[in-house]
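The structures come next, written out as structure tokens.
Two complexes come next, and they have one chain in common, chain A, joined by chain B in the first and chain C in the second.
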Partner chain A sequence: MIALDPAANRPQFINVRVKRQDGPGQEPYWQLFKIDYEPELNVISVLQRIAALSKTSDGKKVTPVVWDCGCLEEVCGACTMQINGRVRQSCSALVDQLLKDNADEIVLEPMSKFPVLRDLMVDRRRLFKALEKVKAWVPVDSYYNMGPGERQLRATQEQNYPLSQCMSCGCCVDACPQYNKIELERKKDETEEEFKKREEKAWDKAFVGPHAISQAMLFNNHPTGKSIAGERLDALTAPGGIQACGNAQNCVAVCPKEIPLTTSIARAGRATTIHTIKKWFEK
Partner chain B sequence: MSDSNSDSNSEPSFFTKHEFAIRRLHSLTGIVPLGLYMCVHLTTNASLLGSVEIFQRAVFLIHSPGPLLPLIEWGGIFLPLLFHAGLGIWIAKTGRSNSSQYQFTSNKRYTWQRWTGFIALVYLFLHVMHLHGGIHAEGWMNAIYKVGFGQFSPYNAGSSLVDAMNLGYGIIWPAIYLVGVLACVYHFINGLWTAGITWGLWISPQAQARATKVCVALGVVLTVISLAAWAGAVFPSKDDVAKMRAIEDRMYEAGVVSGTVLENEHKRDLRGRAAAEESVDASDGEQASTGTTEPAS
Partner chain C sequence: MSNQRVVVVGGGLAGLASAMKLAELGVAVDLLSLTPVKRSHSVCAQGGINSCNDQTRQLGDNEWKHFDDTVYGGDFLNHQPPVKEMAYWAPKVIELMDRLGVPFNRTGEGFLDRRRFGGTLYKRTAFAGATTGQQLLYALDEQVRRRESEGLIRKFEFWDFLGPIQDETGRCRGVVAQDMVSMEIRAFPADAAVVATGGCGLVYGRSTMSVFCTGSAASRCFQAGAKYANGEFIQVHPTAIPGSDKLRLMSESARGEGGRVWVPRKPHDSRAPRDIPASDRYYFLEERYPEYGNLVPRDIATREIFDICVNDGLSVDTERMCVYLDLTHIPKAELDRKLGGILEIYEKFQGVDPRIEPMRIFPAVHYSMGGLWADYVKSADGGLEAGAPANHMTNIEGLYAIGECDYHYHGANRLGANSLLSCIFTGLFTGPSIVNYIDNQSGGHADIDAATLSGAVSKQQERHDSLLTGNPGSDENPYLIHQELGDIMTRAATVVRRNDQLTDAIEKVNELHDRAMKVNLSDTGSWSNQNVIFAKSLQDMFPIAKSILGGALRRDECRGAHFKPDFQKPSLTAEDPAARRKQAEEWCDAFEKNNDKYLKSTIADYDNASMQPQFSYEDVDTSLQPPRPRLYGLVGADIIEEVWKERAETKNQQPQMASS
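Let's turn to the complex of A and B:
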């Protein structure tokens, strides 16, 4: 690391190029910021410095760059953005590491597959809607005590634990070539509700994404969750289901939690194959 | 009831409703019959390097169904191919390649799979037109023969193939075939690997790594076979063609007598032979006029 190495030439400044956008549907534009170098910064603290500065490198006074963040320890996914062309969390993106790869500048862009609300803040509702589509939960709504759950085999636990680490950040879908941006505009004669309905319909038809496929596999492998396994597989074979996967495997390559998404997709492939054949003969 | 109205407006199409099954069929047709057929086809063609007889015997066997052959060709090859290609173009259009942004090997493979698919489609159209002709109606075949298509004569398999490759200065077609065949091999092998994910055949990363090894080995073997097939069609000279034709004719006549080959003059290379004989006659004629006293007939 540059910071810990006293012999290394420390830069005086850090150039940060930010892709900004004033509001939904507006034209994005680039701005260059220049902040003083400090050791051991992460991208969040860089954005804090920029907000405090509110001045571009050529001295123009501008509104602070907007971004989203939550936990600051890579478990909430809120601060996900494209850093130097690669989607990741800005809290765990360490500036000294970034400068090692590219000393000239750090490039910050919003995620590419979600509608931009402002600057680096995006609307990720579609991501969560996909989890609803595949019923990524354990159905325990009941008035009655159902007793203790089935014991889980150690092998099952070991298979499930990595999948349970998914924080729904959206890196996988952002890097996926089969997951395309859906950005609708509210029509003049449309109520808020009608617009939301239209939006959800558009999301429902489009690819659910690797995260949802993986979560479906997690809950299909859960002793109680598997009671609605068939419904999840129905959702995965519906329009926008697993068939839209193109096997580019970017999801597994960019996942910050190193979740074996290709394994989940292959498992879902096998499960949907068997499910569909069974259904076809039982009709 | 504006809701039900808007629902009925956007009633999903047959394709949307059955997209899962249709895309599974797309995956299946890529392997059986198309991929399997390609393996058999390339191996058969590579046998030309062995001898003219082995290749011609294989072609006689392929043509043994006689009048049923077009049915097999269309049902087992052309229609699955058209389906696979048509849906493949649609699938390619649903994605946005980003392999310049995310330069992972598997992402590049994704992009290449689409490009080799397009190359294979154009190449296979040219290939079928160049040799097979598509529809075996006599008028059509005669018409396209004049512009260099429909050149293959199954009962003179080797010789008509080599002749056909020599059209266009003997460089254009060999180049097209080399690129096209290699694109097809890549598309098949990579498609085989991804089909393992699609169908859930190899699931764990270890299983996928083993599958990669198997597919690479298969790809190497198939590449060698396809290069052998290519070499067998490209390297023989004009003199070889005459020798090949003599062997094929001998096999045809003997086959017809023994009943192992269905008699069919249309499948013989009569047009190519006529052209060849003309040129031979012409050169013979020259020799005759300069050398012997034999009267020119």
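Let's turn to the complex of A and C:
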């Protein structure tokens, strides 16, 4: 097999197949776009060119593809989607690399575990709600000046910092077989408030996700964060908690920040077991 | 609990700090953001956050010196009382962030580790790897989520701020915003509004900024009557990775940790960088600036890199201008511990390991020192009067501006690792000021005239509707106009500015503005229509672009990031001591004369009828530290400094000493 050398064998066009959807609950459909090849493109610049062009490969005028993006340097997590079947950020998906794997086309689809708002844009509120469930914060008394925090060993910082780089992109949950899509429709007689409550209830019962488990472990390892460690473990033993994890280990494989999610899950497993036994004795 | 309600626009460091502080003070907060707040542009800040600290204090540092470095680095265009207050708050801000769980790097003994940044000789910068902005933002995001779960804050994410609501007296009574998913436009009535919407890098097309940094929110306030100040002061960061969609930042911390900038002495030397011996390498920053070396202030590093490529023809690459930023002499383990995040970015996007091969970098638009004009009240000790309602209030009563979109702190050039500080500081500090402002008002958010609210909403609805359907037959494409605008701005108003180019750019931008008002949208739908949201923000980039260009044209001098070679003050040339002394005297005369004319903030008011900014000038408060020449690397700096000192003494204006 001859490796594709981008310098010597540059294609003239890039074919991009996009799975589109006009709104929540509507039927998805595919469109093919063709843009001029340029070296060193990423999927973001491909989508920017499609937006400026607004034409499919057969010349039909269409609306620009809708997608979410922010920093374009893989620290904000916004531009996550499925690219050639793999969930990842579109900013760090380099076209030359993608063409090496599949020279014929690039396939873009929305994330699979979140309701589609439109095209490649999904509703990821559930991700953030999970952080609330596990109380992923340090419960400080106030924001007044009370002097420095506690001294911390370098080893503690080096354990915590990787976990703290989680950008809530959702790759881990998108790849997780235990994390199922929840898409509810607002009922006719329901107010917006009521609908939101019903939605949150559904999220609360379903799997909280590896990212949230890892955040719980991060804050349980912080000198002040520890003070509500028990509450976090309670959340992780409630329905949708750690017991829902099937140990498929997909999460750690797809995490763009290489966060040791399975290590966090193992730590959480031990901590919740001890916590449960302790609680049983205290009864 | 009090019945006060504030709407905070923007969920970066400043907006989140403001929201959480207001919530703590018992105010109900509506927090609006274009993006989930955890994805705000503050995540991109890499290097760190400055304060004097126990270690630097013992080497002679103190808050006053941090203040002095900041105003000297800013070429004295900073208002001094706010800067002083910020410098004195800095250690407290970092302590708070530490308590909130930011995983700052630690020393072996468990204290916060520090690194050196540009424009100072002290190691003031605390850092969390090379993703300090992200880590600070997450800590605030977590606190805001906590307050949200307690019912004190309501978040509205994916909402686009469209403009302030003003009553018949002009007072701000809330904001109008649009849901970017459902496209619903509605009013958010409030007792006060805080705009914390960051910079305007997208005016330049590509920059180091995130896609939402269009400056449109500040522009919407500007068009509603708020003043915009020092627009022409745009920081061009010396080191970024060129890309077709974005110019990705390569943090100053790379140099803070020992990174060296160089080019081969021989133009287009074809050898691999590691095969070029030290004698054939030109470490131009170290040679030209022996004291600060690679850590000269950003404006200077940027000009030198630009100069070495453009004028000296020493670019590493013939096709694309760039210089080497070299970390390969530093042990890998140390690099991973202190700079891991940014090295990964380089590796991911360039496919080259910067631990093994020097990075190729070039300057890129990075930060807006200017922004919405806002007031402050000076305290008796020369700082800010805590709790004074006017602190950070724009000239629209009840509308506050904080963070990158204000204009006070960074003068003509921002020092690295001061922006995270100014954002968090202004967010926290303004909390009590806003509460006191609201306390003094007779009418609140609950009793705003219904017609005021509906009028503000329908005005925005009309704009929206007419954009969708108003220009049939036009073939103006907002994305292509944006590219044109970016090209014009990048050519005329970045590193080097010339009056003929600025005049030409103003004319072109005027034409482009007219075309932008007639864009035809390829999406006219009413669900998640990014096309119309972008078109609006594009139109709103023009008042800012015009303020940048107009301000730059009118400022015939060199100050910080604003560099006009036609008005550069020369180095000293005479060899004879007496003649040299005379030249230094003349140099100082010229310096003083120039300051009389140009040591002023540029203030723009927007005239909606002519679609043009009107310019005026405001004195800068330099009451704490008299301006002095900024002499980094100038030939004859020693003698100029001597003359300057003598003059200062005869004027009996000795610099104030720190009170503590």
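Note that the second predicted complex is superposed on the first by the 270 of 283 C-alpha atoms of A that agree within 3 Å, B and C clash if a C-alpha of one lies under 4 Å from a C-alpha of the other, contacts with A are read in each partner's own complex, and residues count from 1 in each chain.
Methods note: a residue touches a chain if its C-beta (ideal position, glycine included) is under 8 Å from a C-beta of that chain, and two chains touch if they have at least 3 such contacts.
Just so we're clear, the structure is a prediction, and the values are computed from it rather than from any experiment.
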Is A:V140 contacted by the first partner chain B, the second partner chain C, both or neither?
second
In the overlay, answer first, second, both or neither for which of chain B and chain C A:N247 touches.
first
Mind working out whether A:P239 is in touch with chain B, chain C, both or neither, as first, second, both or neither?
first
Have a look at where A:L120 lands relative to chain B and chain C in the superposition and call it first, second, both or neither.
neither
Superposed model, chain A: greater residue contact from chain B or chain C
C
Once the shared chain is lined up, is A:L261 touching chain B (first), chain C (second), both, or neither of them?
neither
So in the superposed three-chain picture, is A:I213 touching just chain B, just chain C, both, or none of them (first/second/both/neither)?
neither
Under the definition above, what is the set of chain C residues touching chain A in their complex?
20-21, 24, 35-36, 38-41, 43-44, 92, 95-96, 98-101, 103-112, 128-129, 131, 134-135, 138-139, 142-143, 145-146, 148-149, 181, 210-212, 243-246, 248-249, 337, 341, 345, 348-349, 351, 428, 477, 479-480, 522-523, 525, 527-528, 530-531
Under the definition above, what is the set of chain A residues touching chain B in their complex?
85-86, 175, 177-178, 180, 201, 205, 237-239, 241-250, 253-254, 260, 262-263, 265-273, 276
Footprint of chain C on chain A - complex, ascending:
22-23, 38, 40-42, 44-45, 48, 51-52, 54, 61-64, 66, 68-78, 91-92, 94, 117-118, 121, 124, 128, 131-132, 135-140, 142-143, 145-149, 151-154, 156-158, 160-161, 164-165, 167-168, 219, 222, 224-225
In the complex, chain B residues that touch chain A:
10, 12, 16-17, 19-21, 23-24, 91, 94-99, 101-102, 104, 106-107, 109-110, 194, 196-205, 208
